[in-house]
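Quick one: the structure is below, and I'll ask about it shortly.
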Amino acid sequence: MPPIGDLLWTTLAAFLTFCIFSFLYKDNPFYKFAEHLVVGVSAGYFAMLLWYEGLIPKLYVPILKEGKLYYLIPGILGLLMWTRFSRKWAWISRYPIAVYVGIGTGVAIPLEMQTKVVRQLSASMTAISLNNATGINNLLVVIGVFCALVYFFFSKEHKGAFGGIARFGIWTLMIGFGAGFGLTVMGRVSLLIDRVKFLAETWWPMFKAFVGAVF
Amino acid sequence: MAFYEKLMGLDRRWVYLCVGIAVLIPFFIPFDVPVYTTPEVKAVYDFMESLKEGDVLFLAIDYDPNAMAELHPTATVMMRQAFSKNVKLVISALSQNGPGMAEQLIAQISKEYGKKSGVDYCYLGYKPYPGIVILAMGQNFRIPFPSDYYGVPLDSLPMMKNIKNYDDVKAVIDVTGTNAIDYWLVNGNARYKVKLAAAVTGVMAADYYPYLQSGQLFGLLSGLKGASEYEVLANQKGFAFSGMRIQTVAHIVVTLFIVIGNIGFFMARAGKRRS
Amino acid sequence: MQNKSRALTIAVLLLLPAILLAQDTLQSQTVAPAPPAEVKAFDTPNDNGHSITITWKLSADDGAGQNSVTMYEMLRAESPDGGFISRGVVAAGVSTYDDKGDKDKASQNYFPSGKNFYYKVRAKVGDIFSESEVAGPASAIGQWYHTGKTIVLAFVVIFMIFVLIFIRQAQKGKELYVRPIGGIAAVDEAIGRATEMGRPILYVMGLGAPNDIASIASYTILARIAKKTAEYQTPILVPCNDPIMMSIAQETVRTSYLDAGRPDTYKEENIFFVTSMQFAYVAAVNGIMLREKTATNFYLGKFFAESLILAETGSVAGSIQISGTDEVAQIPFFVAATDYTLIGEELYAASAYLGREPLLLGTLKAQDWAKGLIMALLLFGALAASLHWDFFVRLFTVRL
Amino acid sequence: MRQQLPLAIILVIGVFMALQYFVPHESSEFVYEWSLDWVIIIGVFAMALGLWSMFVVHYTKIQKKSSGWGFSVIAILGLLYMLIAGGIWGIEEGTPFMDFFWYVYTPIQATMFALLAFYIASAAYRAFRVRTILSTILLVAALLLMFRLIPIGPLSGPIQELDRWILGVPNLAAKRAIIIGVGLGIVATAVKVVLGIERSYLGKD
């Protein structure tokens, strides 16, 4: 007979698993139960995580333990977020938000230019040729990227030759999307298999053993 | 409501039901589905079959437990195949968290075939810096591994008597979820002309097909799919195959629904034309 | 204590190859390999000033001669005449090594900046080795500009110039044409439908961080859409997965209602926080769709695996769905399961399209010019690569 | 004060952080790492707003006895449990806090994730019709990739090859084009925000 604690916890997990699957048929009290439970639990989990992994190491320790008083600045900014609790002073919260957004956008400008634009561009600079497979494929990639970029033009009407290129571009995109979709099916199915495994190979034997032991 | 309308406007719950069945039935009821075996997998299998009793093979189990799901089946089936043919194995585990897992696997399978450490196989275990270890083994296994995983000096192992370096093993098969394969390619294959094949995770596979074309790898197994192909070839269908069976059925079901939807669509169009 | 043990493991890791090679007892090689030559030690370029680079000429017995070298070991000392300690190893065939450490003085692996060091390199096989001449002194210094990133700087500058040019034009009142985008054209219709049905609109900003640019783009679109919903008097529900996103969304929507001249009808409780964890959030949004019977769903921002869950549930509820994300892996599912999808860059163009403010349209034109430039470079680059004009190709590789 | 100062802050910080990227020197690294802490710390304080908002949503439901208010009780109980359990016993493995994480949160999130297996099928069924050229291309590409797991006799070989080609050539091209476009879109949006051209998200009055 399995330890009663494990059994209860695992049975709860199995029950919640069924609750979520029941949503496939229609929205129902079981799903609502699981949904609201997980919303509360996850919010609490994340909040505690922020407390222990965020507030304590990033604010409490630096200021009170290491005496890095300059950490008071973000601390105060954080406090300013709380002005949102009052209608009258809510506008003050724009300062921390401005800082927050400023950091994000500032970092993004060069970083995204490097990782998304320059790197992709240099990656496409490969030798093209018509007398070997690799060369031809490289050529096709370059053409594909070119046409797809044409599709993204906003300030030019998609008609005539330009429209033709754009159309070829969107075809390329569609092949990519189709491939992405088809490629993903396998991964999604294995997620389902894992759940079935949990029910059939972890929970059920445990449950059966218990029932067997009791009756 | 016309038949084609039914086909097109099928309540999606029927789809869900079919998917559920498509996963559950093959999960609980084992049955055969034909598995197409790719040449790059068959190449490895044929090579293994070509080995004679007493030949030595280097099996590198260079993956962490987190890649177990995808790679354990391959390592298992290959080890079984080797032992069943009385091929001797030199086994390394060049991934930091791998050695324990590899040790369990070896213990289990060597028991199945009554194989003894030091006689039928030699488990070297783990040492840091895979690049250097692989290179050093090209000189002599004893440079990085003076003694095996269990602390027995290599020189005292009967099986290792006249095995010095890669020249004395028929080939290296690297089962890996890490970049160890890159070191095997550079420091093993390129430097010492090791005959090399690899089994990698599904996501890694795409990056290594080029090496297949260039002949630096004589075979390549991609994730669970490669493993299942190999299980079929070696005729010991196990975990990978049953997983693949479910995948195959599920994919067929999805495909069928796409077909059904389109049949309905065409019938609808034909219907419109008539009226 | 813990620190000490970590330091110990680090030390062990550093020395392990040396140790394990030292234990080795084989008779085969007794001849020491030829030593590495022309050893140079110099400050590592483009770094934070805690690393020195060592280069050398491979030993004659590396890949040739006796072909016996298995590794090189770096040794460092504070004076040329002694006290050398091992700093790390590289495999044979490699002729450069960055001797780097932490910048934080407390760290066990601290590497002092601006201090002189001397180096020598060992070519090793087993426990037999031969040492190079001593190189140095060299000291680590931090740089103030990363030369490897110049190309990125160039792109940013050029792009800024484009932006400024076209903003200028826009200010001059120059009309800019923008081609129609299906997903954006459908926004009005979608809002109208919700109004007719007297049902709310759902706006999901995705699971990005509040300062992900995709999220910011989503706020700006929300601003436009909320303005319309305010005019149409249709409630808009914005469940958020991050408190800061919630705060920003509240400000945004409130402002839009203000602009629409209907501040009285703004309901703050309609822009609310659900939870920060991906699938719990999705579970809740699923519930909202089915229970509030939202007539129109917008999914604009950063989305991950949940994209398809939202889209499918939405179509079960029979809502019109307009989606847009920059997550390449998720676009296929939005394309398949929603009525309209803003593909990648279109997401970032949307606010300009909806806002129709000349300044914003100006930046669209700048984006097009940048695209044009990139397309030209793309073709020329491929050509250069084929003609082996490596200098050109190298120009565009960022050396980090 | 209410409008201009925040915009000024964004401009200054934005430009500074952008330049910082080009400076490898450790003082610049320090600023960057510190700024990351700022983001985290602001986030921690903001969480209080989130929890409050969540509490209000459910509390009003309960108060109004609006349909399904009972479930709101569950949500609040779940929240309180985690806060209290985490507060008392901490969040290490084996605490009542982590028990709830492993046996309540994990199975639910894993099952939500698993729903995708069903949804991907029904999405395929509804979307992949040979309606237009585009939807046909989408359909064919998806089918070809799915066929790699379906034994279709002699065709299987060529299909494997074809799939590899699709992934390596058109798929790669599509991805690259999208990523480049996205990159430009991101930079453009970021620039608009830093320059204060796009300010709708900041609110005004």
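When the chains are written out, they are named A, B, C and D in that same order, and each has its own residue count from 1.
In this section, a contact is a pair of C-beta atoms (placed from the backbone, for glycine too) under 8 Å apart; a residue touches a chain by one contact, two chains touch by 3 or more.
Quantities reported herein were computed from a predicted structural model and do not represent experimental measurements.
Centroid distances built from C-alpha atoms place B farthest away from chain C.
The busiest chain interface, judged by C-beta pairs in contact, is A-D.
Note on chain placement: the centre of chain B and the centre of chain C lie 32 Å apart, centres being C-alpha means.
Centre-to-centre spacing of chain A and chain B amounts to 29 Å, using the average Cα coordinate of each chain.
Our note on geometry: chain A versus chain C, Cα centroid distance of 14 Å, whole angstroms.
Listed for chain B are residues 12, 16, 19, 23, 247, 250-251, 254, each touching two or more other chains.
Within chain A, contacts with two or more other chains are made by residues 20, 23-24, 32, 34-36, 38-43, 45-46, 81, 84, 94, 97, 100-101, 103-105, 108-110, 112-113, 117, 121, 124, 142, 145, 149, 152, 173, 176-178, 180-181, 184-186, 189, 192. Counting partners per residue, chain D has 18, 21-22, 39, 42-43, 46-51, 54, 68, 105, 108-109, 112-113, 115-118, 120, 122, 124, 126, 128, 138-139, 142-143, 146, 149, 167-168, 175, 178-182, 184, 186-187, 189-191, 193, 201-203, 205 as the residues that reach two or more other chains. Interface residues of chain A facing chain D in the complex, by the touch rule stated above, are 9-10, 12-14, 16-17, 19-21, 23-24, 32-52, 54-55, 58-59, 71, 73-75, 77-79, 81-82, 84-85, 91, 94-113, 115-117, 120-121, 123-124, 137, 140-145, 147-149, 151-152, 169-186, 188-189, 191-192, 194-195, 198.
Within the complex, the chain B residues that touch chain D are 10, 12, 15-16, 18-20, 23, 33-36, 38-39, 206, 209, 225, 244, 247-248, 250-255, 257-258, 260-262, 265-266.
If you check the complex, the residues on chain D that touch chain B are 117-118, 120-122, 124-126, 128-131, 139, 142-143, 146-152, 156-157, 160, 164, 167-168.
On the side of chain A, the complex with chain C involves touching residues 20, 23, 27, 31-32, 34-36, 38-43, 45-46, 81, 84, 93-94, 97, 100-101, 103-105, 108-110, 112-114, 117-119, 121-122, 124-129, 135, 138-139, 142, 145-146, 149-150, 152-158, 173, 176-178, 180-181, 184. Contact residues of chain A toward chain B in the complex are 24-25, 185-186, 189-190, 192-193, 196, 200.
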